Each structure stands twice: as C-alpha cells, then as structure tokens.
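Structure, as structure tokens:
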Amino acid sequence: MHINLTTHKFNKDDEENKIFMKKIGIVDTTFARYDMAKDAIDEIKKRVSKVKIIRRTVPGIKDLPVACKKLIEEEGCDIVMAFGMPGKEMIDKICAHEASMGLILVQLLTNKHIIEVFVHEDEAKDEKELAWLCERRAREHAINAINLLFHPEKLTKLAGTGQRQGFEDVGPLKGSK
Amino acid sequence: MHINLTTHKFNKDDEENKIFMKKIGIVDTTFARYDMAKDAIDEIKKRVSKVKIIRRTVPGIKDLPVACKKLIEEEGCDIVMAFGMPGKEMIDKICAHEASMGLILVQLLTNKHIIEVFVHEDEAKDEKELAWLCERRAREHAINAINLLFHPEKLTKLAGTGQRQGFEDVGPLKGSK
Amino acid sequence: MHINLTTHKFNKDDEENKIFMKKIGIVDTTFARYDMAKDAIDEIKKRVSKVKIIRRTVPGIKDLPVACKKLIEEEGCDIVMAFGMPGKEMIDKICAHEASMGLILVQLLTNKHIIEVFVHEDEAKDEKELAWLCERRAREHAINAINLLFHPEKLTKLAGTGQRQGFEDVGPLKGSK
Amino acid sequence: MHINLTTHKFNKDDEENKIFMKKIGIVDTTFARYDMAKDAIDEIKKRVSKVKIIRRTVPGIKDLPVACKKLIEEEGCDIVMAFGMPGKEMIDKICAHEASMGLILVQLLTNKHIIEVFVHEDEAKDEKELAWLCERRAREHAINAINLLFHPEKLTKLAGTGQRQGFEDVGPLKGSK
Amino acid sequence: MHINLTTHKFNKDDEENKIFMKKIGIVDTTFARYDMAKDAIDEIKKRVSKVKIIRRTVPGIKDLPVACKKLIEEEGCDIVMAFGMPGKEMIDKICAHEASMGLILVQLLTNKHIIEVFVHEDEAKDEKELAWLCERRAREHAINAINLLFHPEKLTKLAGTGQRQGFEDVGPLKGSK
C-alpha cells in the first residue's frame, strides 16, 4: 500500500459526524504465531475514534467463519477482520482454502465485508521477516477495513493500481493508460 | 468476439423504449494492475444511454462476491461486472477459484447475472500485452453484459461459435454442421 | 446408450395423456465450439410433442448456473439441460468444476434436475471426432432428460449397466450377477 | 464390518414396535457397471420388515444429490442410500467430489442422513473383484443405514474400531487402550 | 497446548453459577481406529460438572456434518466436537476436505461452534504414536471446546502464540514483540 503508515491519518472529526459508533469485529487464532489482531486494533484506534472493537479468539482458522458470523449477527459488527496463519504443509493450504470459502459464505449470508488477513508461514525467508510481514499486513488491512466502512471512495481511487498488503506494492502494468 | 469494437453500436432509441433505467454494477480491486472497470464503463456508455452505473472497489478478488451482492440487493443493480487480476502463483489460483465460487453463489442467491472478468497475470507474454488483453476483455465482456440485459437473442445467435473475450475467437469446430 | 437413436420413439399419445405442457429449459454458451443445444432440441421434438422448450445462451460455463435457475424459477421449466465445452487447460478444468458445483446447487435450491452436458475439448482426437461426440452426447442426454421427466422407470431398467453418453457404453462388469 | 452378513439378523418384532413404516430411499445411476441398489434392497428386506423402499435411477453421480433431496422432501424418505461408481480418470474423481459435496449439502438442508456408497473403478484388481466389492459394500452400508435409522447405539459400540465397508476391517490401532 | 493436562482444572463452582446445563455434542465414526470421543468425554467430565454430553456415532467422516447439525438443532447442543481419522490415500484427503467444508457449513447454518478433531493416519510414525496423538488431540480440543463455551477470554490470552493440539506447541515467532 502506498500510504505512509506512520503519518497518514483520517480526520477524526469527520468520522464523528458520519458514524453512530460503528462496530469492527476482530477474530484471530491461538494457532497463529504472531498477534496480528493487536497491531490491527492499534492501527484502528490511531485512525478512528468512536468505533467499537469487539475481539474473539478461536483455536484454528477453520473456526474463524462462524466466529465472524456470530460477531456480525449476535454483536452487530459492521465489518470483521479475520486473522490466520496457515502453515507450510499441503494440509495447511487445504485448511486455509476451507476457511476462505467459509469466510466468503459468511459475507454472502450477512451482506457484510470480512477482511481476510492470512499470512502463510512460507511467505517469508525467516521468522523475523515473517513477524515484520504480519505486522505490516495487519496494519494495512486495518486501513482497508476502515476505508470499506467509512471511505469507500478512497479505494476506488486506488483501483487497478497493484496494491499489496505487507510487501511492496507492485504498481500498475507498464503499458496501462 | 467477432464484432468490431469501434464501430458496432446498439440503437440508443431502441433502448429508451425498452428500459426504465436499468442499473449495472461494477466492482473491481486495488490488487489488480490495470483499471479494467474504466474501460468497461466507457464501453457501456458508448453503447447504451439511460443506464445507471454504480461502481465499487474492494482490496482483493475474494472481496468481490459480497460487494456484488450488496450492489444487487442494496443498490438494485440488474447485472454486475466483477473485475479481478489473479497473480501467477498457486495461491493466486486458489484465491481466484474461491472468488469464482463466491460469485456463482451470489448469482444463485439473487437470480442476477454477474459477469466475471478475470485476467490472469500469466495469460500474456509481457506487461504490455497483458494491458492490451485487460482492455479487450473488459470491453468485450461489457458487451456481453449489455446483451444479457437488453438483447439476449444476440447471444443465442452466437451459441456454440467459439467466442473468446480478449484474444481471437477460436470459432466453431471443423466438422460442425 | 444402447438404444438406436434413429428408430426408438416415445409414444406421443401416451405423453399427451400424462402431461400438461411440461417445459424443458436449454442453456448453452457462446464459448462452446459446437451448437449442441440445436441437436438436443431436435431430438426432443422428434420424441415428445406438447413440450415447450425455452432456450437461453450465456457467454461461458460459469454463467450457466444462474441462467438455469432463472429458467426454472422465472420461466417455470421442469427440467433444464446445460451445455458447455471446457477447453484443455487447467484453468478450463477449474471453470468446469465451478460450473458443475453451481449446477448442483441450483438443483438443490429448486428440486429440479439439470442435465449437465459438458464435452471437454481433450476428449476426442480431432475436431471432427469432437463434433461427432458433441452431437451424440447432446442427443443421448436429451433422451435422459425426457426419461427423467416422463419415464423414470426406463432409467431404473438401465441401472448399473454402464451407460455412456457419446462414446460406446462400457456395459456391466464381468462377474455381475 | 465384523458381523457375519449371512447369519446376523435384526429382531423383526422389535422393529414393528418401534416404527410406523419408515421409508428408505435408494438412488443409483445408469453409469455404474454393477447394480448395487439391488443388493442393498435385498439386504434391507432380509433384516427389516415394515420398511418402505423407494428407488430412483439417474444418469450419473452428479444427478444423485437432487434425486436424494426429492426422495426426502417429496416422498418423505427418512434416510437415503446413494450409489455411484466413479471411473479411473481425474475427471471422474472430480465428478465424485462434486457429487459428494452435493450429498453433504442435501443432508444439511434436510437433516436426514444419506449414506454415500461409491465404488471407484480403480479400487479392485479386476472386474470380478470389483463386482465382489460392489456387493459387499452395498450390503454392509445397507446395515449402516438400518442402524442409523433404528439402532444408533449399535454404531456407537463400534466407534473407533476401524470398520471398513467391502474389504476387511482394519481394526483399532495397536496401542489403543 | 501449554497447560498441564493432568493438573489444570476449571473451578467447578464457577461453572455452576454460569450455566444452566449446557450441552456438548460428540460425534465420531466407526471408520476411525481410535476412540477419541471417550478421551474427550473423560476430559470434559474432569473439568466441568453440570454439562450434559450427547454422543452419536456415524460410519465415516462424510456422515459427521449432518450428525452435528442434528445434535445442535434436534438435541439443543451448544457446541459439538466432531472426531475423524482420515486414511493416507488421496481419496481419504478428499473425503476429509468434503467433511470439513460440511462442518463449516453446519456452523454457519446454526451459529454454533464445531471443533473438528481430525487425526490423519500419516501424521505419526507408527500406530503407537498415532494412538498417543489421538488421545492428546482429543483431550486438548476438549479444553478448547470448554473454553469456547465457558471461558472465551482464556483463548484470547493465547492468541497468536502458536498453540498446537497433540504435538508440542510451536510457540510465537522469534521476532514477535
């Protein structure tokens, strides 16, 4: 994502006029090896006041879908972020696929967005880089969640520009008009 | 598609008699590296007057299904075009598959067509050709969307004729009657 | 299928007593390279009078499910035939899988049968054989559709006998009682 | 399964007291190369009196799910057995997967068990063994269906004991308590 | 999981105040080669009084989803544990995938958690280790089920700490803050 994470801020007063305490759900797992939810919550609190955050933790990624659905339907969340960290083996990839299908289904059953924030253990060269990636992706997707909820027009300005969460943006194709 | 993109036009007056401001939804991603939605919107506007276009942008392709469903159910869209650009890796292919399953589900839950316009990064030999492909596919699928909405009989005339969107049509089998 | 396609006929008078104008839906694609729907419609008309056929054409196989659902729910079709022709590449196989899952879902949501008539481009040695296969499969599955609708007992007589649509039947296992 | 198929019998009088004519649905295909349904029906009739059996036959395994759902919802079946015989090719494995997903969905939509009885053509060394396997699996799963319907406690006695349908049971792990 | 299985106990009096006889469903298979349900039930009873346990056994893992749904909807279970033991072959992996998708669907249809406790036959080096793994995983997931039901805050304390059920916990990433 191209914005500077440390300096970019939403105008809090604008938010206050627009919202009547929106609720953001946060679900993560005990299986993951990094506390991405903490970073995301920190990022949200830095950028938006008057938003209520409700957090739940489940054992593994396949437990995420129903936890998200309960946050939306039983707690009234307007959007949910779902954090997971699939391992390197084929079985982990299959679990991630099943969880993703479940998360899509929840969205279709509730008409609410769920931002899936998965970091695969084989995405980075070592544990240190993986931890760095987890934090970056959690924070950048927190901004995506805020934009979906409060500033959808900001996303449209970035349409087709090759945004990535965590590693560097790849940018638009050479040859794009 | 065999029609000449630059000269073929729908009769706008015909449309005016037929429709009471149909709505076409457009959803794309910040992940994609080309703004296909812009081309599609341009193509639609060239061909149909009195159609309302509603556009949304989401982070990635797995966010497309619920965005499409919201356009149909909350904004009253009669058809939606969903644009995405999966990467080259296996994980990207899996995401595309999950998104496609979601898009099919949305259609079944709403009884509305969603035209999936995905360009895979490994479909072309370089970025320039990829950009060319994106524009062509976006424009040709815009025509498909218009035909599904206003001229379904035009599609039936092309049944079984090997139409492709982007690259050249492959045409009917040798040996077809 | 073991029956002689050119001479076997259903008794039209029997049909007239049994039905009050059943509707058969037909959906195919502009992507396919052979007009299987035409052959199927021809086969149905040769065998059953007083049946109404409603045809729709969509761009690709992933557009088939919702088109089938609309034929059932909006046009009152009692059964639908869905024709598609997946290409040779892995991506085509995945699309076919997604379409098939969608077609199964439509059936479960409507309690109506949909006969999936897919011919994969790599099923035959050349285009001529592929065209031959398309026609045979379309016609034989048209008979399956008719039997499901009007003569389910005929299918039970063929249970476990190794019927195939297009190529030769493989027949029952040696060693079957 | 460890029980002797030819001598083990349920007490018919017990059944008579417990049931008010339960209905068992049976669905199979013309694609299969062995009539497993016949064996299953024979096994059920030997073991349970006062049960009504309703049989349907469809072309292929992907047609099974809706046929099962119709038996449950339109014919009032309390449980269904679904018989299929996927071929050896990758495409056959995919069809079997799609059918299985459909069968699971039907169960979730109806809250009734469906016993999937699939024999893959590559499970046995020749056609004779395959026919033997088909009969064994059909009969043993018929007993499973009866137990699910009338004697669920018998299944719990076998929990975790490595039961197989067709080939020999593998038994509990060495080292189990 | 980091807790000592033999000494850690929930305060039973606390439970008594909090609950009005919660119900935990337990479903396992005759296919599995170890009775994990027994260990889980033992673990639950050691830790929670005044909880009602309802157990069902089905033939194979694909029968688990509907059995779980019936326990929730027909027996009023508040949470369910689903035990299965997929074999080593590709077909077993596919069955496990289908069962997992079904279990996720049940959760979304009921808004109740289902703890999937699957042990794959190829996870351990021999039958003895496999039996050890089955018991450990069953007991540790029993604790997860109890926590989800009575102590969700305990799970949040473990968020992102690399918990595993059975084998040793992998712990948080080096480099995590």
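Order as written gives the chain letters A, B, C, D and E; numbering starts at 1 within each chain.
In the analysis below, a contact is a pair of C-beta atoms (placed from the backbone, for glycine too) under 8 Å apart; a residue touches a chain by one contact, two chains touch by 3 or more.
None of the values given here were measured: they were computed from a predicted structure.
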Intersection of the contact lists for chain D and chain E: none
Computed distance of Cα centres, chain C from chain B, in Å: 27
Intercentroid distance (Cα basis), chain E paired with chain C, Å: 44
Touching two or more other chains - residue numbers and ranges from chain B: 101, 105
Chain contact graph, described as a line, ring, star, complete graph or other shape: ring
Ring topology as an ordered chain list, initiated at chain A and continued via chain E: A, E, D, C, B
Interface residues, chain C side, partner chain B - complex: 28-38, 55-59, 62-63, 65-67, 69-70, 73-74, 83, 85, 91, 94-95, 98-99, 101-102, 105-106, 109, 127-132, 134
Chain E partner contacts - residues on chain D that touch it in the complex: 93, 97, 100-101, 103-105, 107-108, 111-116, 120, 141, 144, 148, 152, 155-156, 158-165, 170-177
